[in-house]
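Every chain is named by a letter (A, B, C and D) in the order it is written, and numbering of its residues begins at 1.
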Amino acid sequence: MKLNLVAFGIAKDIIGEKNLVVDYDVMSIAQLKEQLCKDFPEFEALNSISFAINEEYRLDDFALTANDEVVIIPPVAGG
Amino acid sequence: MKLNLVAFGIAKDIIGEKNLVVDYDVMSIAQLKEQLCKDFPEFEALNSISFAINEEYRLDDFALTANDEVVIIPPVAGG
Amino acid sequence: MRIDIKISKDVLDPKICSDFVSHPSTGGIALFIGTVRNSTNNKKVLRLEFEAYESMAVSEMKKIAKAVVEKWDAQRVVIHHRVGVLDIEEIAVIIAVSTPHRKAAFEACEFAIDTLKQVVPIWKKEIFEDGEVWVAAHP
Amino acid sequence: MRIDIKISKDVLDPKICSDFVSHPSTGGIALFIGTVRNSTNNKKVLRLEFEAYESMAVSEMKKIAKAVVEKWDAQRVVIHHRVGVLDIEEIAVIIAVSTPHRKAAFEACEFAIDTLKQVVPIWKKEIFEDGEVWVAAHP
């Protein structure tokens, strides 16, 4: 399905841009993560990688919907 | 011996003045406390009563010297 | 309004934060102020750059503030976070909490900064003389 | 100078305190601000009056600050205490501590205010509509 990826921090550096539209054969956050790590192996090296949809963290089993805006959240470091 | 008492807070209210020269037959802080409680029974009702000489707390067994300036320290409540 | 949440490009002000949480029946106000450190692992840091996913960061900061109000009976909570380029010693974050009892203010304030560092989508890049690194990104 | 101790008849300022403890290699700054409460045991307080045995109070506050420097490796410590007549919500005390690691700043700041309340010769009189009481004097 078509997904609108948004990347912050090091995720933006890895993907090379802030916004990326992809068409992936994935149903869940877990599958999206797997696919992203295939396309951008540098994600494997991160401490963690999380995802948010509608400003909420979404866990591995969260079901994606076509055209979702999925925000890629690399390890946070506020404060 | 002659002692120069200095009173703060409620101790000043109990004694009736900030500075009081007394001539007590006492050798230690413990004896001074006892004598003070005889002369001013309201001290008995306090939560605690401490004494300082030269800006340091002095314990019960501290030996007094004639003309010491002894500061009476009722329960503190800073902050 | 009991909570004040802000992500700001401008300098943060401790006085504004302590004034906001001040309350006539408060037993104590605790503040945490995070400033930019001049080194990491003995390596000299020149400056920091903070980036936020702003709408979600504000939403997560609100969740933290609400948890502080509920768990510690806080009277007022402020969480202000700076973004952009910060020099050494500049203030990156201020958290202020007022509670009816003193001990709760410390606990709540520490909970808030600990949780902020774990969940709020803000990223920090350390700029060195010979390069730059996204903090905490790699093991 | 790593510590700043003051007993003051004038208004206390959180910004002065946080500025003093700010340091380029600090991991965290914790502040405690104690303000005047509007009630005690559900009884309305009009104002407070603080009295200090000033020279000894300063000496005891210095001891606390030095203990904080030694036990928690604090980089800077401020303890400012107000005396005189204070209205509701006015600041009676500010403690600020900076440390290399965040957790230590909270611990040290809490130790400092707890110890101040136990040992520093400062007395507080609560003024009610119908009288006044020396706080903590009686059981």
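In this text, a contact is a pair of C-beta atoms (placed from the backbone, for glycine too) under 8 Å apart; a residue touches a chain by one contact, two chains touch by 3 or more.
Please read all numbers here as calculations on a predicted model, not as lab measurements.
Asker: State which chains count as neighbours of chain B and simultaneously of chain C.
Answerer: D
Asker: At what distance in angstrom does the C-alpha mean of chain B lie from that of chain A?
Answerer: About 72 Å separates the centre of chain A from that of chain B.
Asker: Could you give the separation in Å between the centres of chain A and chain D, each centre being the mean of its C-alpha atoms?
Answerer: 48
Asker: Hey, how far is the Cα centre of chain C from the one of chain D, in Å?
Answerer: Roughly 23 Å, centre to centre.
Asker: Of all the residues in chain C, which ones touch at least 2 other chains?
Answerer: 34, 113
Asker: Which pairs of chains touch each other?
Answerer: By the stated definition, chains touch in these pairs: A-C, B-D, C-D.
Asker: Name, in rising order, each residue of chain C that touches chain A in their complex.
Answerer: Going through chain C, the ones touching chain A are 34, 50-53, 55-57, 59, 81, 92-93, 113, 116-125, 134-139.
Asker: For chain B, which residues are in contact with chain D within the complex?
Answerer: Within the complex, chain B touches chain D at residues 8-10, 13, 45-47, 52, 55-57, 71, 73-79.
Asker: Would you tell me which residues of chain D are touching chain C in their complex?
Answerer: For this pair, the touching residues of chain D are 13-15, 18, 22-35, 37-39, 88-89, 102-103, 105-106, 109-110, 113.
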